[in-house]
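Mind looking over this structure? Questions follow.
Labels run A, B and C following the written order; every chain starts at residue 1.
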Amino acid sequence: MDISVGEIAALVGGSVTGEPALRITGLSGVKEAQAGDLTFLGNRKYLAYLETTGASAVLVSTDFESAATGASARKERAFIRVKNPYLAFVQVVQRYAKGPEAYHPSGIHPTAVVGRNVKLGRDVALDAHVRIADGCVIGDHVVIYAGVYIGHECRIGDHTVIYPNATLREGVTVGARCIIHAGAVLGSDGFGFIPMNGAWLKIPQAGAVVIGDDVEIGANSAVDRATIGSTAVGRGTKIDNLVQIGHNVEIGEDCVISGMTGLAGSVTVGNHVAIGAQVGVADHARIGDGAMIGARSGVISKVEPGRVVSGHPLMDHKQELRMLAGMRHLPQWSRRIRDLEQRILALEEELRGKSEDHS
Amino acid sequence: MDISVGEIAALVGGSVTGEPALRITGLSGVKEAQAGDLTFLGNRKYLAYLETTGASAVLVSTDFESAATGASARKERAFIRVKNPYLAFVQVVQRYAKGPEAYHPSGIHPTAVVGRNVKLGRDVALDAHVRIADGCVIGDHVVIYAGVYIGHECRIGDHTVIYPNATLREGVTVGARCIIHAGAVLGSDGFGFIPMNGAWLKIPQAGAVVIGDDVEIGANSAVDRATIGSTAVGRGTKIDNLVQIGHNVEIGEDCVISGMTGLAGSVTVGNHVAIGAQVGVADHARIGDGAMIGARSGVISKVEPGRVVSGHPLMDHKQELRMLAGMRHLPQWSRRIRDLEQRILALEEELRGKSEDHS
Amino acid sequence: MDISVGEIAALVGGSVTGEPALRITGLSGVKEAQAGDLTFLGNRKYLAYLETTGASAVLVSTDFESAATGASARKERAFIRVKNPYLAFVQVVQRYAKGPEAYHPSGIHPTAVVGRNVKLGRDVALDAHVRIADGCVIGDHVVIYAGVYIGHECRIGDHTVIYPNATLREGVTVGARCIIHAGAVLGSDGFGFIPMNGAWLKIPQAGAVVIGDDVEIGANSAVDRATIGSTAVGRGTKIDNLVQIGHNVEIGEDCVISGMTGLAGSVTVGNHVAIGAQVGVADHARIGDGAMIGARSGVISKVEPGRVVSGHPLMDHKQELRMLAGMRHLPQWSRRIRDLEQRILALEEELRGKSEDHS
């Protein structure tokens, strides 16, 4: 890239303080930015870096104080004022940064092994050592990286990208424009056993997995197939790395599930739900639309729509903050309760003594 | 499938309320069931779905009230009464649902690469891009999916299935009838280092992994090899997805270990132990036969046989439930203790005042 | 191996109690050791095994009581006294145990697929079904196991080993003498989205991953690429299995991060930091040099250098131990506080009554 500050301002709808003719040749975080780079100030915490950054231009919010701008403005640095600096930066990145598309394989590599009755769409890319089993339907412009396994009768929607060494077992459906990251496993057996004479009888996992459009599944995450019916992830939902989705889970649309979170079997999650990292959700729990679950929470049963909860035990998020503060004081409370008990005993004895005096 | 309700009743040893001639053409959960489907009512929580389900037949328990049956019984729906409806349903699924066996690869794919001195049993299936290193012994009817790596001198028992992109490092022994799910890693190095002049000296991990018969290892789980000796998983034990088993761990028979649980190095687990999801077990901890560990617990040292424990800190499960209930009240306790302290101070001063009055 | 106890003592710089001519033919843990084996006593907890072990020689510390030695010393058992028995045992293992090097593949397997403009160093091993994309630079003596994917323009330092089915996405740099375990994913997209009209706009993840020399990354762990700039893991740092390293995380040198721990985006970790298992570190948190974080802790913001902390909420480790002890008493505290309130109320009423009497 080699464009002027003025051109960037035009792209993001911002106004320039400083020299609009300055040339921008790179994009960077505020800490690492060098001369020629565009960066952004998305969070006041990073204000101090303005003094040390080498950036030639900084996207700042419209209410950014001119004093601060002035202090760090120099001939060789411009500011571009926009409503949302981070979003504006993303727009520039989307336009000018070399994205992963630049590295996607293309064509059908001769070492890819495709089964019988497979329908491949237009411009499908199958990299080396891909294995596609019988009866699959692969949409247009689908990109499948090396080492991916696609089981029998899977369906992959248009423009979906599947990164290396991911596994889709038989009967998995993935929508359009999805991203399945490296090492992810879709359609592994649900974890279901019945105790039988001291051993465990395996419950056949005969169901499917259905992933909607525009879904992202993180690296080394696992989505189990349903026992009967389908494990479902709704349109637009984004799932981070090392997440476990149990059998017969149903997740709605436009949810965000952070890393290392686990949803046990038959959990239902509404639309627009945000679940933090390292959360555990017990089997058959139900999370309503728009709920937010803080990181490391334990969800046992039900979360009403729109609630903001966290903790283990789960509670209103603000209540949890108070509870966590309280926990720090537990050791001294023990002392204080014991002290109260001694003092009250002393009072009781003194009063009883007085009563006897009076009698 | 296309069989009558009467034939199903005969298979599971149940009695029919309604029309035994009704045809069943599918199997489904009670929520999703359509006309022609058999479903089951395994849990009273799902009773309400009886009114809305489209199922043509429902497996219910023998003590299911005839009133409820009557209410939702119609010409086009039959009930089959059995002792354990879920188990009966599993029997029908095992008999009629198309299981994963239908999709197993067969034969030796020409792209599979087999090393020297490998003994392959009868009817072994090696799918595309399988790699088997030198000196392995693979039993009869073993199925190895695409992209699996089997390291030097591994031994795989009869009828074991290994799903795509799983890795068995050198010297791993797996019993008969095991299922190793996609992406699982057996025999990775144990995590052992010695501090040495400010850096970490790697302790060679020269041991093995030994998995008994009828074991299941979940997707993207990892079982580390021993430093010296063997990491061992006993016959019949079932391990869920994303579980970590550290070096030199010894797990007994017929245990169940749920998803995202981690056992650190040298942990020993007895027989018939159940460990919930997201549990952490510290190194060298010992869990006795038949113990049950609730989800998200932290096990530091020892759990006696047969105990039912949970929590972090670990305690009797019923005690933990009371403790969790108590935690919700922590913030108000702080207030109540402070209030008590003020009131008792007031009393003490008042009494002291009185004493002075009397003097 | 077949060497004498005396030769081992010479190797580790120890002194022999017993017969230096005894032959040692194997290495084993104290529990499993048989006649002919060398073992070690690294921890007093295992002292009891000295009575039952079959080992022919035991490495013990120089201050080991001669009484204990005498009690279990016999004609067929020798003791070797050293400063650090475990370290001495490791030295013997390093010298005599058959390590993984014995099983490394060698040469370029004909099924390996190497892209354009790839520079391969001397003595590189590429096993079956390896895929190396265009523009990579692979150092001397690098070993890449079957099924590994190396994306465009990656750089791998000399003597690094990458185990089966690991994935390195485009633009990942790995130093010399690193070990990347099976199923690990380096360079997956960071998890970043911006809310936009009720859906989630993907933030392009255009950065890189830079791994220093002598780093180890565990099985099925994931290290996300940076949004802009680099996710960095410093020289000598060891990362266990199933660990998540978020985008733009910066980890210093010689750190140890145990299994199932997650570092969210933009976390910075100093040098010589030890993080226990199943820890969660929130985005932008900063952990200072030499800090130690106990297993299962939750780190929200900042840990000062050298501190030893644990728990959730995070606190001084000793304070957490007291807090955990206190938590067990929570249910009875509820009772004790209620009891205090009743007794103080009774006292207040009694005093008020007296006051009225006096008036």
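In the analysis below, contacts are C-beta pairs under 8 Å (C-beta built on N, C-alpha and C of every residue); 3 or more make two chains touch, one makes a residue touch a chain.
In this text, all values refer to a predicted model and were calculated from it rather than measured experimentally.
Q: Through what angle, to the nearest 5 degrees, does subunit A rotate to match subunit C on its C-alpha atoms?
A: 120
Q: Over half of the interface residue numbers used by both subunit B and subunit C, so same, or under half, so different?
A: Result for this pair: different.
Q: So how far apart, in whole Å, are subunit B and subunit C when each is placed at the average of its C-alpha atoms?
A: Taking the average C-alpha coordinate of subunit B and of subunit C, the gap between them is 25 Å.
Q: Send over the residues of subunit B in touch with two or more other chains.
A: 111, 129, 147, 165, 183, 220, 242, 260, 278, 325, 327, 333, 337, 340, 344, 347, 351
Q: Quick one: which bits of subunit C touch subunit A in the complex? Just the residue numbers, please.
A: Touching subunit A: residues 111, 113, 129, 131, 133, 147, 149, 151-152, 165-167, 169-170, 183, 185, 188-189, 191, 193-194, 196, 198-206, 220-222, 224, 227-229, 242, 244, 246, 248, 260, 262, 264, 278, 280, 282, 284, 298, 312-313, 315, 319, 322-323, 325-327, 329, 333, 336-337, 340, 343-344, 347, 350-351 of subunit C.
Q: Which subunit B residues qualify as touching subunit A in the complex?
A: Where subunit B meets subunit A, its residues are 27-29, 31-32, 45, 86-87, 90, 93-94, 97-100, 103, 105, 109, 111, 127-129, 145-147, 163-165, 179, 181-183, 214, 216, 218-220, 236, 238, 240-242, 254, 256, 258-260, 272, 277-278, 295-296, 324-325, 327-328, 330-331, 333-334, 337, 340-341, 344, 347-348, 351, 354.
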